[in-house]
Amino acid sequence: MDIRVYLAGEIHSNWRSEIVEGCSSAQLPISFMSPISDHELSDGVGTDILGDETDGFWKDHKSAKINAIRTRTMIEKADILVAKFGEEYRQWNTALDVGYAAAKEKPIIVLHPSSLGHPLKEVDATAMAVAETAEQVVKILQHIVMKQDTIDS
Amino acid sequence: MDIRVYLAGEIHSNWRSEIVEGCSSAQLPISFMSPISDHELSDGVGTDILGDETDGFWKDHKSAKINAIRTRTMIEKADILVAKFGEEYRQWNTALDVGYAAAKEKPIIVLHPSSLGHPLKEVDATAMAVAETAEQVVKILQHIVMKQDTIDS
Amino acid sequence: MDIRVYLAGEIHSNWRSEIVEGCSSAQLPISFMSPISDHELSDGVGTDILGDETDGFWKDHKSAKINAIRTRTMIEKADILVAKFGEEYRQWNTALDVGYAAAKEKPIIVLHPSSLGHPLKEVDATAMAVAETAEQVVKILQHIVMKQDTIDS
Amino acid sequence: MDIRVYLAGEIHSNWRSEIVEGCSSAQLPISFMSPISDHELSDGVGTDILGDETDGFWKDHKSAKINAIRTRTMIEKADILVAKFGEEYRQWNTALDVGYAAAKEKPIIVLHPSSLGHPLKEVDATAMAVAETAEQVVKILQHIVMKQDTIDS
Amino acid sequence: MDIRVYLAGEIHSNWRSEIVEGCSSAQLPISFMSPISDHELSDGVGTDILGDETDGFWKDHKSAKINAIRTRTMIEKADILVAKFGEEYRQWNTALDVGYAAAKEKPIIVLHPSSLGHPLKEVDATAMAVAETAEQVVKILQHIVMKQDTIDS
Amino acid sequence: MDIRVYLAGEIHSNWRSEIVEGCSSAQLPISFMSPISDHELSDGVGTDILGDETDGFWKDHKSAKINAIRTRTMIEKADILVAKFGEEYRQWNTALDVGYAAAKEKPIIVLHPSSLGHPLKEVDATAMAVAETAEQVVKILQHIVMKQDTIDS
Amino acid sequence: MDIRVYLAGEIHSNWRSEIVEGCSSAQLPISFMSPISDHELSDGVGTDILGDETDGFWKDHKSAKINAIRTRTMIEKADILVAKFGEEYRQWNTALDVGYAAAKEKPIIVLHPSSLGHPLKEVDATAMAVAETAEQVVKILQHIVMKQDTIDS
Amino acid sequence: MDIRVYLAGEIHSNWRSEIVEGCSSAQLPISFMSPISDHELSDGVGTDILGDETDGFWKDHKSAKINAIRTRTMIEKADILVAKFGEEYRQWNTALDVGYAAAKEKPIIVLHPSSLGHPLKEVDATAMAVAETAEQVVKILQHIVMKQDTIDS
């Protein structure tokens, strides 16, 4: 079984590469999708392409909507969503992605330091697994796609 | 047209009462639903009812899941979701509710101070209106249910 | 069987009143919903409530989105959509409502002068009936809710 | 991520080729679908295949329905809908496609000259991006499928 | 539990009255819906309201579509579909209703003489019960809504 | 908020009455639905109404399908499913109901003695709460429908 | 655009081969699916595999259900359904397939001699095209998958 | 037509290999998916990856949820579910899978010794076929994917 995983959340650490490389080393049949991790490119995409705005709200709005095309399309195509939360930033967009994926019945794996357990309790409650390290996520994905000899295709 | 509105988000200010009273004064045919706003009651509901836990994670988990029954049922029954974000707390649960409601195709009205525009840009991008005051939300709701003479039932 | 009908389209003629009064005279168990037919109120609602915009695009955008909360909620609640097209104005919003309702599997009745048959052929192709007068629409609705003696509740 | 894009709307200008060639030059993994752009072939398909009609309404009806099989099937298979509106013609069918795609939760990119902003405000309000040139649409699509090094498959 | 039942099929016998009266005598909380059983009224509704046709196909088409608004709306509102087949007529519309209701996950009760078992085997295979008499249908409905003392509301 | 609860599972103990009476004493706005708890009536309903069978498999089949009309209709109408498992009997039908309700996105509360935790781990994993007593279920339901002063309708 | 077509209905004439060969000659990117056309094999499959039945009803039932796995799976995978009705046999199963596909929003092409127009009016009313010959169906399918130079993939 | 089959249920006998090998010998275009059949690996996966628990309930819970990601993803991707029940163990998880698949409208084939007919009557009532041997399941699958000469792709 080939599966597709969307990696939502934190863009200023290398957790995505750790998961992708871990799965690659283990030769798992998994393809990954992710948001644009270049912060400036992502924030400016709306006005860069569609023309400038004087009001910061509309500048953000145009970028957020173009990025949302990417996000929504990728979550729609994903079998599983992995969401990473960190100590920095409010990351409301990550929680938004989790809520969206939950309503679309996508299984969710949440990744965060244990210190964030209390403020993330509602997010964790929608998840099928709550991990603390990228390595744990790799092991969970490996379990999900593990082939049974003589049975699974 | 009678409508049902779910009021998600911030529990430590009186924005809910302002909206409910504003709609009541204007005699709008709107019924409201909301999460438990008693913070301790909400946080402790899991262990209070189902027995204590030694590990804080599971204590939070049990409460979050019982509260989720309420939240999910109410969002499912709602025609519209209003979500309030404030400067304090990370309110990941509120963004989670917005994502969930968006995927369920519920129209969303977001309420927050303009200072939060940038970090909430993805949340605002899923909304049909972004308000700064409870009074604005009342006016929007009034517009939505406004009766056309001799036409609307 | 009580049904709910959403009356989409043209706001500068009295076709809605004709249908509502026709159904009322015939004592049909039908309730009606409609967009705001006060053109200025509808066009200005966004900036009237949420604050002015310098750019006309965003002024229109804010109003269109608030009106969309009303429209979407009403189409969602409707059993049947009646859409009126006229010679004047481009009425892209009316065709938009028809497409939306069609995808939501709501039966559609289109009302327009026969002269518009060719440009409206795709719209008519999604409809269950194409009428030229409000009186015909009343008769169709009457047929749909007609009670069979000793059988229907 | 490979995506499929349906190009709805205007058939008497070369905007489709501009987008397709722009994406092809940039080697984007995007496949395109479109309505029949040969106006006579499209309008006559019903009677050409299924036999003539004396009444113009039914001639249009038969063609519109066969074309609708193509349109509906393509929108269903599409990840994203791009819709082009121009000054000429009423293009109710294009607005119909947008409404249909919106209800099917397909992200929508609208393309039209800024002069049409007011009459298209409801259409624009359903869109994730409103562009004025084919080149802008190419850039948006490029952003959506952009590969993140060492992460995206 | 109040339920709604749609009575599809045969219109030239009194099976509907038998079921409705049987349920009424037993004071069951069931409301019934049915197609127009006046054959001429039903067949002529399209041209009677919307104007005559020279081609019999389009005459039938206009009536069938108006009747379909009624049928689809009623099946959508129904909790259960009862479908009656008889020896006479081909009743393709009844099998169509069963297929439609099956795809909408409505439980189906089929009613027909045992002699029709073989040609109706695919229809019966979609049903939750295959009855031969209206009395049996009444008993099944009675079982479905039967109140458990001190428990059911 | 009025809610509807379906009480699935064990029929040879009085857990249903305990929940119904507990909620009634607390004046909660909850209505309950349940399967037929008269074992013989339930098992024989197929052949009692539709005629005897020589093969036990078809006798069971006819009854199970008629009971399924009741069960499916009630789960469809329910906001929440409560499922009770006990030490006796294999109760595969109760687990079936839980799986069905889970796929329909109904929040699930499971009730069973702690000794059954291991064999029920997959069932518990689909639940929002796992209770051991009917009293706990009453308290959870009370929390879900609890009215917030001056806010909830 | 590659499409999949399910060929429902009449099994005792060669209309399927005509359509498949016509599309093959025209090199259309269409794959076809169909029910088992060997009448005896189809009717006996239930008891042939799962053991004999004394009652003809259950013999039919077992076969109809196994055939339904094939039919439902194929309709689910199909983009378009073509349904052929003939003068002989009642073909309730074909109308059942049409109703099922209609509710699943699959575009339908009906194929029947014009003499059957009146009894098939409800079936035709759910269709996007009503053809009289296999050759017409081939031409419609050709129109649906026709490639636009330099645009469609 | 290529199909995907999920093999749910009993893990301590070789029924899966029998089906997979039987289909392989017959060169059927079927791919298979299955749960982890290594009992210890499956039961311990939660704590093995995510850290130990003192309370057995949470140990089971963590494992059951990770396994559920695999199960849910596979059922979602499957066209057909085959579920095997045996005399040993309560196998509530298997009935849960059947209920889940039923609500997702996946055709179900149940496999069990005839002695279990009565306790499994509700499960059997959701199935399209009830087999006693793996060989029968192979024959049913063969019938479902059987190619019609000159017609099926």
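In order of appearance the chains are A, B, C, D, E, F, G and H, and numbering begins at 1 in each one.
Assume a residue touches a chain if its C-beta (ideal position, glycine included) is under 8 Å from a C-beta of that chain, and two chains touch if they have at least 3 such contacts.
These numbers come from a predicted model, not from an experiment.
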item	value
Distance-maximising chain from chain A - centres being C-alpha averages	E
Chain copies touching (chain A, chain H) - same or different residues, decided at half shared	different
Degree value of the rotation bringing chain A onto chain D, based on Cα positions, nearest 5	90
Matching chain pair for G-H (criterion: over half of the contact pairs shared, by residue number), options A-D, F-H or A-B	A-D
Winner on C-beta contact pairs when A-B is weighed against D-G	A-B
Inter-chain centre distance, chain C versus chain G - centres from mean C-alpha coordinates, in Å	36
Between chain G and chain E, distance of the C-alpha-averaged centres to the nearest whole Å	24
Multi-partner residues of chain D (at least 2 other chains)	65, 67-68, 105, 130
In the complex, chain B residues that touch chain C	1, 3, 79-80, 105, 107, 109, 128-131, 136, 139-140, 143-144, 146, 148, 150-153
List of chain A residues in touch with chain D within their complex	4, 7, 16-17, 20-21, 31-34, 36-37, 45-46, 49-50, 62, 65-70, 72-74, 76-77
Chain A - residues contacting chain B, complex	56-57, 60-61, 63-65, 67-68, 71, 85, 89-104, 114, 117-126, 130
